[in-house]
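Think of it as A, B, C and D in the order they're written, each chain with its own count starting at 1.
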Amino acid sequence: MESITLLITGGTLDKKYNERNGQLEFSKSHCKEIIENNRASLKINYKELMLVDSLDMTPEQRTEIVASCINATDDKIVITHGTDTMVITASEIAKQNLSKTIVLTGAMIPFSLKKSEAEFNIGTALAFAQTLSVGVYIAMNGQFFKWDNVRKNLELGKFETLANA
Amino acid sequence: MESITLLITGGTLDKKYNERNGQLEFSKSHCKEIIENNRASLKINYKELMLVDSLDMTPEQRTEIVASCINATDDKIVITHGTDTMVITASEIAKQNLSKTIVLTGAMIPFSLKKSEAEFNIGTALAFAQTLSVGVYIAMNGQFFKWDNVRKNLELGKFETLANA
Amino acid sequence: MESITLLITGGTLDKKYNERNGQLEFSKSHCKEIIENNRASLKINYKELMLVDSLDMTPEQRTEIVASCINATDDKIVITHGTDTMVITASEIAKQNLSKTIVLTGAMIPFSLKKSEAEFNIGTALAFAQTLSVGVYIAMNGQFFKWDNVRKNLELGKFETLANA
Amino acid sequence: MESITLLITGGTLDKKYNERNGQLEFSKSHCKEIIENNRASLKINYKELMLVDSLDMTPEQRTEIVASCINATDDKIVITHGTDTMVITASEIAKQNLSKTIVLTGAMIPFSLKKSEAEFNIGTALAFAQTLSVGVYIAMNGQFFKWDNVRKNLELGKFETLANA
């Protein structure tokens, strides 16, 4: 079995309630817990790069994500990322033309909430990373999208192809 | 977007607590609820064939599942199934040499329990159905297995390739 | 069985995730759902007065809560309320010297999150309302406190008697 | 603050899914986890007497529960118990005419399931134990019942007074 690199960058998926100020913030990633609790017997190389809201992601942080994709020894990479700028990061990675299958995913509702789709989405992203050919993709709403044919529909809270836009 | 046929047969995934007798039993499938709550924007043709524990599945019921695979108008099929005889049903379907991608999945812990992997597994199965080539597969533990190279390790409660057995 | 009036005012307990802006906000109260799902066979007269963060509660809104206590036909009243100013509202109600048992409760973590204590707290508040003598109380952390001998310990996120402060 | 003795005897509340045989069984009690996760700041003396389905409870085990009530140093006792014979155990305890407030509770749906009322019920039982006068009670469905005026309505899955029967 080939191993998969999981790059963690935060996003809504990993936000947690801070009872002192009533805000959803980052403390630690839930990704490992999600994958282990769901009994995945995959070899995952976890790498927590940052825990940020993707609207606050700096160019330097985006560069760090790209560099981590370049440097990863695995050919299959899943990246957890906020949904708002997921497409931007995907396009930055795509410029590198890496011979790797890279799948970005996230969630519209934090894992810490009862109705989150985080577990489902991470499941689909791990599956797509194992089966899709070389390229950069976004896995959301049960589908995969090529990095250059996807946008987040802010009104519906769903990702869609540009043809649908 | 191509549509996916979802054949529902029951299994642990769909068991629900019956408070009158204290047993886990079947009342109605949770599959549609799972897929909709996780915001999948896939076109799914749901077909509930039966709700049975796969240890109780009769030859006639297995024949019905095979027939539903043959008759499905979609080329991509996901089947929810109990884990105990999932491999047997997969091999029955494989005998037909259909030009379809067929993925069986299920869960070790019912969706009605707090720690179920049902949502994660259905996520992976839907993803594998969209990306794997023609054939019959089992999607469990975050992986996909060819129907003729998989067994359920009863001791670990996990699926593995025959080479690992 | 005597009926209980449940006055709903919002607070952290009832906050829900708004996926459009990533904030925890109010849409509708979960109190009825909580009580029914937990199989309470009490006669509850629900009255949703407002859905506000108690830090934003105006003097007019507090007056409305006091008036609702005065006008309630039940002798037993439970009020859901944000924790930050729960003691202030309790003292406003206490000034009326009503011949009723009035119990304020809330939650540190919203019901919409996986780790909320909302159900437990509402359970205790309903129980205290049925058994305590006439007076104004706060039910938090499994305990009941008299309105004039309680404070919220912001550091611990727990309520305690003034003697402990 | 007075401390409360919590006698754990099992019942549906504490049943957990055994994935090897597909049955709901006992492994360890969830009571401490429930009370701590709900942020109760009560002094609880936990005593796990047994973990049994109350239909399987032997006369010797019932005698052990009665003895534990007699020997408890706390005047307030909560007992978790299966619902089917909760009334029988309550009446055995009542024969002792102890100068203690003793409250039995349980759940119709195990805590390990998503829709359990275990947390709510334990909340009510702890509240009733703190406020009711000396006697033996059952706390279910948000209410308290005197041991000699209660029955489980098997059809409704709810407890009710004998007058309602």
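One rule holds in what follows: a contact is a pair of C-beta atoms (placed from the backbone, for glycine too) under 8 Å apart; a residue touches a chain by one contact, two chains touch by 3 or more.
Owing to the predicted nature of the structure, the values given are computational and were not obtained by experimental measurement.
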{"item": "Set of chains whose contacts include both chain D and chain B", "value": "none"}
{"item": "Relative to chain B, chain with the most remote C-alpha centre", "value": "C"}
{"item": "Separation of chain A from chain B, taking each centre as the mean of its C-alpha atoms, in whole Å", "value": "26"}
{"item": "CA centroid of chain B to CA centroid of chain C, Å", "value": "45"}
{"item": "CA centroid of chain A to CA centroid of chain C, Å", "value": "39"}
{"item": "Junction residues of chain B - those touching two or more other chains", "value": "108, 115, 157"}
{"item": "Chain-level touch network, classified as line, ring, star, complete or other", "value": "ring"}
{"item": "Parts of chain D lying in touch with chain B, wherever the complex brings them together", "value": "12, 15, 17, 19-20, 22-24, 53, 108-110, 112-115, 154, 157"}
{"item": "Contact footprint of chain C on chain D as seen in their complex", "value": "1, 34-35, 37-42, 108, 115, 117, 119-128, 130-132, 139, 141-144, 157-160"}
